[in-house]
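Sharing a structure below in structure tokens format, with a few things to ask.
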């Protein structure tokens, strides 16, 4: 990756900079957002080289972008079979906070909706672990992924905590179905803190690259996540990562991706790159308007769609 | 592709031959199936070379495996924008014959469920075309794809016609929503004949290769389907092609695929191969038990999963 | 019943006359309605005495107000057990044209939604009857109820026929579930003609009185409908007769009732009266705005709510 | 009411005594039920005379049979308009513990499902009241209705508390929708204690008679519940009181009624009687098998169906 790459990133941001459409996440209604116009993009290759443009040192809370990592962590710790008993892998075609569980098993449809993410969070611990132990295991993983101590944005965590009724409802349902491990309020509290962990766009791109790299850290080559867990997590991201906009995303962009209501978005190009973008305003599906546009533009420019025949595409030049 | 490939196909069939689980499609209840134990697999590369094993000269009706081709044909003829007004691209998480349409627009969720396939069928014609013209256009495409005149299995077409109540219900709903072009009974009749068009497993592999090849015929290089239409169709196959088993398939096999209730199954490896398999008995999702196992085995053996990092996988040797 | 009654009816109409809220039924979009401001009410006692006010000689198509009579006719002819196998008695909490059938049995929830009304229509005949015979049996019943030959409003029947896609969809589904007797298109055509049978408000009040009178004609004492069938029909009217406004109606008015999209509405006071009102504009539930208000006012004035303790109410004077 | 009445009650119990079908409520899985074969029935007239048969001194927890009283209490205290903002009056056609709330308003469908009952419970207090004050107000009402201090069955309350996950889920959802007053866990705890209040069948019949009597105590004539609130509560009982068996009950029995999972059942004959029955085993809808049969038999014997024309019925002798 050379200067032309940085130039492309700047071009992409220039193209979309004036798009002020969308709204901040509903949970931020009473929050004085420090920088609603922030805009950034970063790409990381398998050797850990990162290029970026825009507000690339601005930290944001990961929110749902934390879900694939925690899911992969749970898969690695408990094994696929155990996790599959408690979380499905089917697209749900519904919104992120939907509450419906599979009839019969009580399983959430997948780990990208909140119900599944709560269960995944509860599965990162060993038996006997309390909520603090579970949360610290996640914080340690994220720290190892980005190479520094990762901290909770306490303002955001406080908001999460005050607005937790829907997640508490889901967690109690999951507890009734005996699908959740741990006490509902503890899990929801810990999950809220997981969502409030803050990184910048270069760090998130590096995190995404661990998925692109089959679970190994791009800089150190150290195994961070189980390889089978990574395949599972990227597969579910592909079909369920963009909420009820999944179908359009698969067609237009064709990359496993996960958005967070803070406005962040990460995408994985298997065997090649991790990508991240950030812009706080969200579309009606809850995905960042400009982060989506930025990654879509990069996918188009570099022909990253995983279902494209390279043969076929070549001729369109 | 050399002898080792044929050997692998034989090995795969040997491995699964004794699996007699599953049931013939429900529509065949009163049909004396000539060969319920048939089993075949074929692979075609981008140069049009086909290797196969098992009952590779046995013809079967395409059923839902015809859907992606007709969808791509409609996309090419009407343009993406026009088709998107009438057919969505979102996974529905439901069974193939579900009846629910999108509130507000009346659009079917996607072109892999019957509602969407009926609309796609109705969109292959020009204005003023009657049902015969629409059907012939489809039959011509299939003929061009496989290199011979393709014919309707009239026994199967008769069964389709007698059991069409659900499709008629769907078609009338689509007509009420003004999403369907043409008269409901005509469209359902023509769609039933589309489903009854018969090919063998080598021919279906070649048809799949047109998708893998970005819309060009693997033997002649001639453009058969619009390139953008192919991307659309493979994307929708990826998330919606295996009915409500889509999630597991994406994880386990990781290839765009489409099954038919006759027991056929085709998969696309973008830029590399088309694959087809056939075995009449179906699992509870309506997918062929042994055809699914065969293609899954091939995907695993050749590491075809589109989301796998080749880097990551290499180390597992 | 004496002059004071007529005075009350006039008072009620005067009270609501200026309410022009609501819209004509959606099926009338292209219809030049001869009298959208028509307003009428009538009451009939168990001796067949009818008093009325307003446009009481204006005929209207019965639409869904025909449903309880046809349901009772079917119950009387086939027996409760046979009809219960094909039509449920549960409120559906949904709109009149909902399409969902009971999982497992394929039964419509009740005979007041279109799905159930189509089945009821199909059940008024003997085996071997064609659609003409079924329709004529219904027309004969209505004629006997009102004491003259009842005719189809052919303009309305033509509209029904052109807009029948949704009912055709429902009928095909019912046929697939083997719940419908007869060919879907024939049944829908006959049902459309049933809905287009036209009476005036005095006649509809007399028809309602047959229910109030346990199935006997108020004038002649002749049995018109089976007594058990009448109980069934009034029970289902009570919980399901006012579409998804059923709950409010039960509370506010407390009478079994059935509305039609032409703007008619009939109510039954068991053992006492039949009531009918007519005004073409409909509220968002599809019930006539002014006909609902008129009957609600009469129920309040005469304390007709079937769940009111007379003891309790007396004290509120 | 004379000896013949008692004889009839004994006859009814004799008729059904051997019916051991059904199961104890699921919440009693780990509970050593002291008397699963208990069977009792009682009728109370508007003068407060009670006749009874069977285990009429056996106390049981009211469970959902408490709901109409608490709903009427809330209606009386807050006014109909205020309560209607938070609780609907439409049948839901679903099971007692369904979780779905009305889109847009977040209102529960009605006060007979748990979601609505939790809101009703939360509405019996004044602003600033804590949960103890709310619960005591309910306990006082029940005490006044039966003429003695009513107590919580602490064994049952303990079970309720341990199995409260589903109600907690519902309560958190209601809190998110701002439909619930009070803290979710407090309300669920208080509601669990409301359900565990214990009376015998003679007392429950007397409680039902307050509804039959327009809100006045049958013995003292004292107003216990607002008259309009009683109409509301009985209307909702009529359409929603027997869970998803409401339709059959309306037809077969024709009385507003409410069952509890302890096996109790009460019915109201407006202007005439209160009826109660008790037998612990439940049918698949959650209604007591034998209590339902007992009250149905009494309704048939005394022709209590509120929609029956007395004229019509007379002839069936």
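We call the chains A, B, C and D, going by the order they appear; numbering starts again at 1 in every chain.
The rule is simple: a contact is a pair of C-beta atoms (placed from the backbone, for glycine too) under 8 Å apart; a residue touches a chain by one contact, two chains touch by 3 or more.
All values derive from a computational prediction rather than experimental measurement.
A.B. asks: Using the touch definition from the top, list the chains contacting both chain B and chain C.
C.D. replies: A chain counts here if it touches both chain B and chain C, and no chain qualifies.
A.B. asks: So, comparing C-alpha centroids, which chain is the farthest one from chain A?
C.D. replies: C
A.B. asks: When the centre of a chain is set as the mean of its C-alpha atoms, what distance in Å lies between chain A and chain C?
C.D. replies: Going by mean C-alpha positions, chain A sits 55 Å from chain C.
A.B. asks: Rounded to a whole Å, what is the gap between the Cα centroids of chain A and chain D?
C.D. replies: 48
A.B. asks: Using the average of all C-alpha atoms in each chain as its centre, how far is it in Å between chain C and chain D?
C.D. replies: 32
A.B. asks: Residue numbers in chain D touching 2 or more other chains?
C.D. replies: There are none in chain D.
A.B. asks: Per the contact definition, I'd like the list of chain A residues that touch chain D in the complex.
C.D. replies: 99, 165-166, 168-173, 175-176, 184
A.B. asks: Can you check the complex and tell me which residues of chain C touch chain D?
C.D. replies: The touching residues are 46, 88-93, 109-110, 212-216, 227, 230-232, 234-236, 238-240, 244, 246-248, 250-251, 254, 256, 268, 270-271, 305-313, 315-316.
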